[in-house]
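The next part holds the structures, each set out as structure tokens.
Two complexes come next, and they have one chain in common, subunit A, joined by subunit B in the first and subunit C in the second.
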Partner chain A sequence: MANKKAFGGLKGREIMVLGIIAIMAILFSILSPTFRTYPTLVSVLDNSYYITLMALGVTFPLITGGVDLSIGTGLVSYALIGGYLIVHQNVPVAVGILACIGIGLLIGLFNGALVALMDLPPFLATLCTCMITRGLGPALCGGFGVSWPSAIAEAGAFRKIFKFTTATGTVIPVGIISMIVLVIIMSFVLDHTRVGRYTIAIGSNKEATRLAGVNIKFYHVLAYVISGFFAGLAGVAYAATYATIYPGSGAGFELDAIGGAIVGGVSATGGVGTIFGSFLGVIVICLMKVGLPFIGLQANWQQIFTGIVLIAAVLIDVVKKKE
Partner chain B sequence: MGDIILTMKGIDKSFPGVHALDHVDLEVRKGEVLALMGENGAGKSTLMKVLTGIYKKDSGTITYEGKEIEFKNTREAQDAGIVIVHQELNMLGHLTVAQNLFIGREFKKGIRIDDRKMNEEAKKLFDRLNVDIDPTETMSHLTVGKQQMCEIAKAVSFDAKVIIFDEPSAALTESEIEEMFKIIRDLKKKDIAMVYISHRMDEIKVITDRVTVMRDGAYVGTLITEECTKEDIINMMVGRVIYEEPKTESAVPKDAPVVLKVEHLNAGRMVQDVSFELRKGEILGFSGLMGAGRTETARALFGADPKESGDIYVNGKKVTINNPQDAVNCGIGYLSEDRKRYGIVVQKTVAENTTMASMQDFMNGIFIDKKKETEIADKYVEALATKTPGVDQLVVNLSGGNQQKVVIAKWLTRNSDILIFDEPTRGIDVGAKNEIYKLMNKLVEEGKSIIMISSEMTEILRMSDRIVVMCEGKKTGELDISEAKQETIMNLATREIE
Partner chain C sequence: MKKKVLAVLLSAAMVLSLAACGSNGGGGDDAASDSGTESSEGGNKGYSFQMIVKSFQSTYWQAAIQGVEQAKAELGVEVEANGPANESDIADQVQMLDDAIEKKPDGIALAACDTKSVVDSLSKALEAGIPVVCFDTGVDEAPEGSVLATVATDNVAAGAVAAENMFPVIEEKVKAATTDAKVRIGEVNQDATALNIQQRGQGFIDKMLELCTGAGKKVAVVGNEFYVNATEGKVDEKEAEVIIEVGVPAQTTVDLASTEAQKIMSKDDTIAIFGSNQTTAEGVITANQTLNKLSTDPEKGIIGAGFDAGTPQKEAITNGQFIGSVTQSPLMMGYEAIVTLTKVADGESVSDIPMDGYWYTKDTMEDDNIAPNLYD
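Moving on, here comes the complex of A and B:
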């Protein structure tokens, strides 16, 4: 892939993040015997799906030089609405899932319109939709928590997409396969289609891209639509992983995804980034989230460490740019 | 006439590849207004930047009030009493007039900023200058003219002994200019020396005492304003030896078809009722001084900026161009003067930049055909002799001349027939310049048509078949190359606008 090589440090960045993942895994395994068990691995993966999905999507607005803060509260809201339809309105599960994804897509379209058509600063626009989506779910569903059908129930079959329990009780985290497939597909979109090409072009030089005769408004909106679509998917993954969805939660989820993407080499100022990098970055975040409690540090420390890792990641970019 | 307050002698300054100032002399007297004139790139601004410490001179001496000095930064120059009033206003729009005037040197009462005292001081200052501005008014609510007055007042408040005006009238209306002149005359009486950089001949005659002319980074001479004519000044500005042979006659047949016709184009103050035609195989030069509205005309034509009115015909057919997409679809390509900002996507590769305007031809279903992309990029790297290690090289790593070739490749890939070159050789070194010229000549031989905006007189005379001259947003003349001379062009470019 000539493209990758040409992006200079990026490939190096991915190797670096892989190294960090290896070091963290080894360190946690040495310090905690319970960490190096199969259930822990499943737990790390379970906790990673919705963050991975958010990260795959939000990588697009980030590369255009923007951001999407609405995905965290959004995914909870979409899952809430989807679950409400299934449990209280008796719609088929498939319809609930489609509703979840569809609303995410619409909110993405709304974000895109605010940013690309009405020129609102991305931070502000998506902060507003973050608030809107936070209230939207509870408002529509009466403010109660919702539990999607459990894995034992027939209607809970969708949960098996992410976690498959065999007859003997062995748990297989099949979700990771879907994640890898999606990473490959979205890498292709970013590297080999016009959508990806223009997303990067808008992030590196919007005006030059416009003067080349590219319909930048369309592709700029599309970046947010992709982000919203993946927030919808993340909503499904979240509903499949956790027993109950509580209204009003979800604030801060987006930070795990955005942080992961930036650790993985997406430039905070746009123009640079890979899907694979974002994926690896999310794994770093999730390892910290699950791993730190195993070595006796509270979950709060995960936040602190994530912040520090992010500063390091951005510093590397700044120093590299100066050179 | 007063005593000499400032003398610059033998000032020399080189930038990589450019000898910007070549042993320049300048002398300013107390209580006089000295006009500093010259074409674009003559070195006026550079000289003033050396004076105020923005650039460090290579050699030469600056004597100010009898002492040899060298300022390290504008702050030092300000403290010594030398202040520049810039063309672009450096005002903070959300703050009040008084807050702007005293920014960085606020009056304080304990740890609190004393706004009342600042307002009082500002009022005193305005009274002294006979200007009617309310110090408590928000800066962005003032007209451009009033903002300019504030800039001048600020300069005066530094106890300035020398004030440099860098094209102060560019954004002002007639009555605002008149008001500014009143202040300048007032300052003269107070024995303040002023350097006035401007292209407007009529203003020079009205307000200045002497004229110093620069050309190509060198001092040419100084005239007493009262004793000279506009022609004298123009002759000094353009009297260079042209090394490259200028074109003597147009290579385009008189009956060549018109590929582009622009009628009554209007877009703000900088593009007023501009009409012209471009023939097949022609290089149409656009000449004029800075701020003549040439780039604005090109951008309006290309749909990069909105236009108010005007008709555009491509190959005899009327077309609607509302955005760059429309223009590109009409076969027009625009090569910006500011390549880094508008021309290339620096963090992308040569190949990616080459296909940027014509992605639809490089698709295989929904996927980009990278093999085809590499092939076309390779083809143009060879055809244009672009120096790059490969087409997967990031454009940011190429030299200016080679970046320009990548932009040309982009429009050739799009098969654009009408190319607008805006300052095609700006920031490109001499050898590469010739290559770009050869390339442009080859393009018109192959039947492309070119609009070339250039501020370099030699470039205009060497490349153009016909020349359109603009001044302050209006077209002031059109010349066939056979009748074009430096003097005639400069005359049209400085035509007084009633």
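Moving on, here comes the complex of A and C:
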């Protein structure tokens, strides 16, 4: 098991990604005077919350050697349904949030059943649920966009979990605290509990794990349930950070999270990866999303550049394996 | 105890599913109920129309459907509305259009996602003798005689409306600008590919450039290549006193739209910013949550204006973050599309109906010709 490491100790890959983050931050700061300001830092963090949550979850299916493509359209769908319940059915915000997470959990369970019990290839199974979730939200909510209560409304208090504005107008990105806590908890789950160990074992050698007497079906399903649960949380974070949830959007969000995880050292073929690495990878992605426009790179070039960075990250993996 | 919990959960689920059904107002449910009313109200015209919208992606279409409902009630016609999940699902929409033609309705109202892709289907409609009225978006290359009228916002004029209303507020700042102390006016456009966004974005740039030039200032346009190249009468950035900076996000998502807005609003010389649709206007509002720079007083901060509506934008206007926004009239477009189709079915001759963009502010939001268009 390549994933063994002392708790709190950093692996080489994580140190490398930290280095990339530092270099990018310095580069953007030199190239754009407006980048090195406090509001930009807040904006990078705002951008990172929903992607971080998706990445924390999707790391589990990735490590089993699978993937979960349904998280992007899923999170939009869950946020849409939650928001619809709050705005149009007048349920309390807390119930809307629970619905958002609950539906995510159910879709995760469905993904897990398709992959682990019915042996569908993960790519296909979650591509199908990606389509289902894309239609599900609009279908249940009459097809229209919905805005969760705004920060100034009393019901918008949940937004303060992610961004707190003091009486003097200073914005504090408190969401990062929740993210760090979740990263620590999920790191512990992956590295020090049976759930984590078996997730890695399934990705390393499924047959051997089964022969060792592990109920691999259960743990395999669980990996997708975790992914779905975090997609639900990501839906809440997305609704809290931005104004209106648009039906039909969300396709491609999953790639930011999966890309982040892979940059952070999760192997695309399974068996290897850390939660902290995924988190750092997401920060790289978010730095690029915010930084590239700030240095004046226009839309098309931003996408080209992001693609190249991802290739570089995967190449490092391939080269390492050959060694 | 367990049974009670189960009972509560089940009844909650029932209520929810009922509510969900009820809210599907614009969809197929209505068609079913309408065929019922049609037979009972024999005196009505009883035409049956098909309507294809771009998607139900934004609340914009909610207002359009409201207009359709109004026309249905007044004229006693039947309308079945359909649309793809996403505005970019072009193939889905073409399929829906073909299905609509198969149903042999008395007419079709179409808001095309992609104007080129629907041309073949429009030929089929022409052959089948089914009249088509385009709304929201016109189809320039439609076969002769297939599209009888177009009901659409004049987007160039609508973009110009924003510039015309923004300029008086920032006029003093613009007049005080020099090549050493430039002022910057920002615009965020959702993309550089959709015709209505292109026209609207360009309408704003051209009008703002004209007004600033009229005030004796040289203007440069920087940012997205498409809009920079499409603008005439600009000067080099070094010589300019006024800079119009155009931001376009890499993808049409709210987070990238807000990053584009933040990039422009972070600059010290920025005096105003315009978001040219609901997504980008909300991008400006989201960016402001961190920057806190928007103000209705040019001495105190950045002047903001938007386009279309939605709860966040309406709140920004009531709270004095935006001086105002431009609204199209989706309600009137939906209404006029059905009225026009009915006229066609009656054998009357029809012509294009250009719709205005209306400027609205805190004080005019409740006006009769504005309020119905300001969807949540």
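The rule we apply is simple: the second predicted complex is superposed on the first by the 310 of 323 C-alpha atoms of A that agree within 3 Å, B and C clash if a C-alpha of one lies under 4 Å from a C-alpha of the other, contacts with A are read in each partner's own complex, and residues count from 1 in each chain.
Assume a contact is a pair of C-beta atoms (placed from the backbone, for glycine too) under 8 Å apart; a residue touches a chain by one contact, two chains touch by 3 or more.
All values reported here derive from a predicted model rather than from experimental measurement.
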Which of subunit B and subunit C A:His192 touches, first, second, both or neither: first
Partner chain in contact with A:Val272 - subunit B first, subunit C second, else both or neither: first
Subunit B versus subunit C, judged by how many residues of subunit A each one touches: C
First (subunit B), second (subunit C), both or neither touched by A:Thr34: second
Which superposed partner A:Gly213 touches (first subunit B, second subunit C, both, neither): first
Partner chain(s) touched by A:Ile26 [first = subunit B, second = subunit C, both, neither]: neither
Touching partner for A:Ser204 - first (subunit B), second (subunit C), both, neither: first
Partner chain in contact with A:Pro247 - subunit B first, subunit C second, else both or neither: second
Residues of subunit A that touch subunit B when the two form their complex: 2-3, 5-8, 188, 192-194, 197-198, 200-201, 204-205, 207-215, 271-272
Touching residues on subunit B, where the partner in the complex is subunit A: 302, 304, 323-325, 327-329, 334, 336, 341-349, 351-352, 356-357, 359, 363, 366-368, 370, 374, 392-394, 410, 414
Interface residues, subunit C side, partner subunit A - complex: 16, 19-20, 23-27, 55-59, 61-62, 83, 85-87, 89, 192, 223-225, 247-256, 258-260, 262-263, 266-267, 278-279, 282, 285-287, 289-292, 310-312, 315, 319, 376
Residue ranges of subunit A in contact with subunit C within the complex: 34, 37, 39-40, 42-43, 46-47, 85, 87-89, 134-135, 138, 140-147, 150-152, 163, 165, 169, 171, 241-244, 246-249, 251-253, 289-290, 292-294, 298-300, 302-303
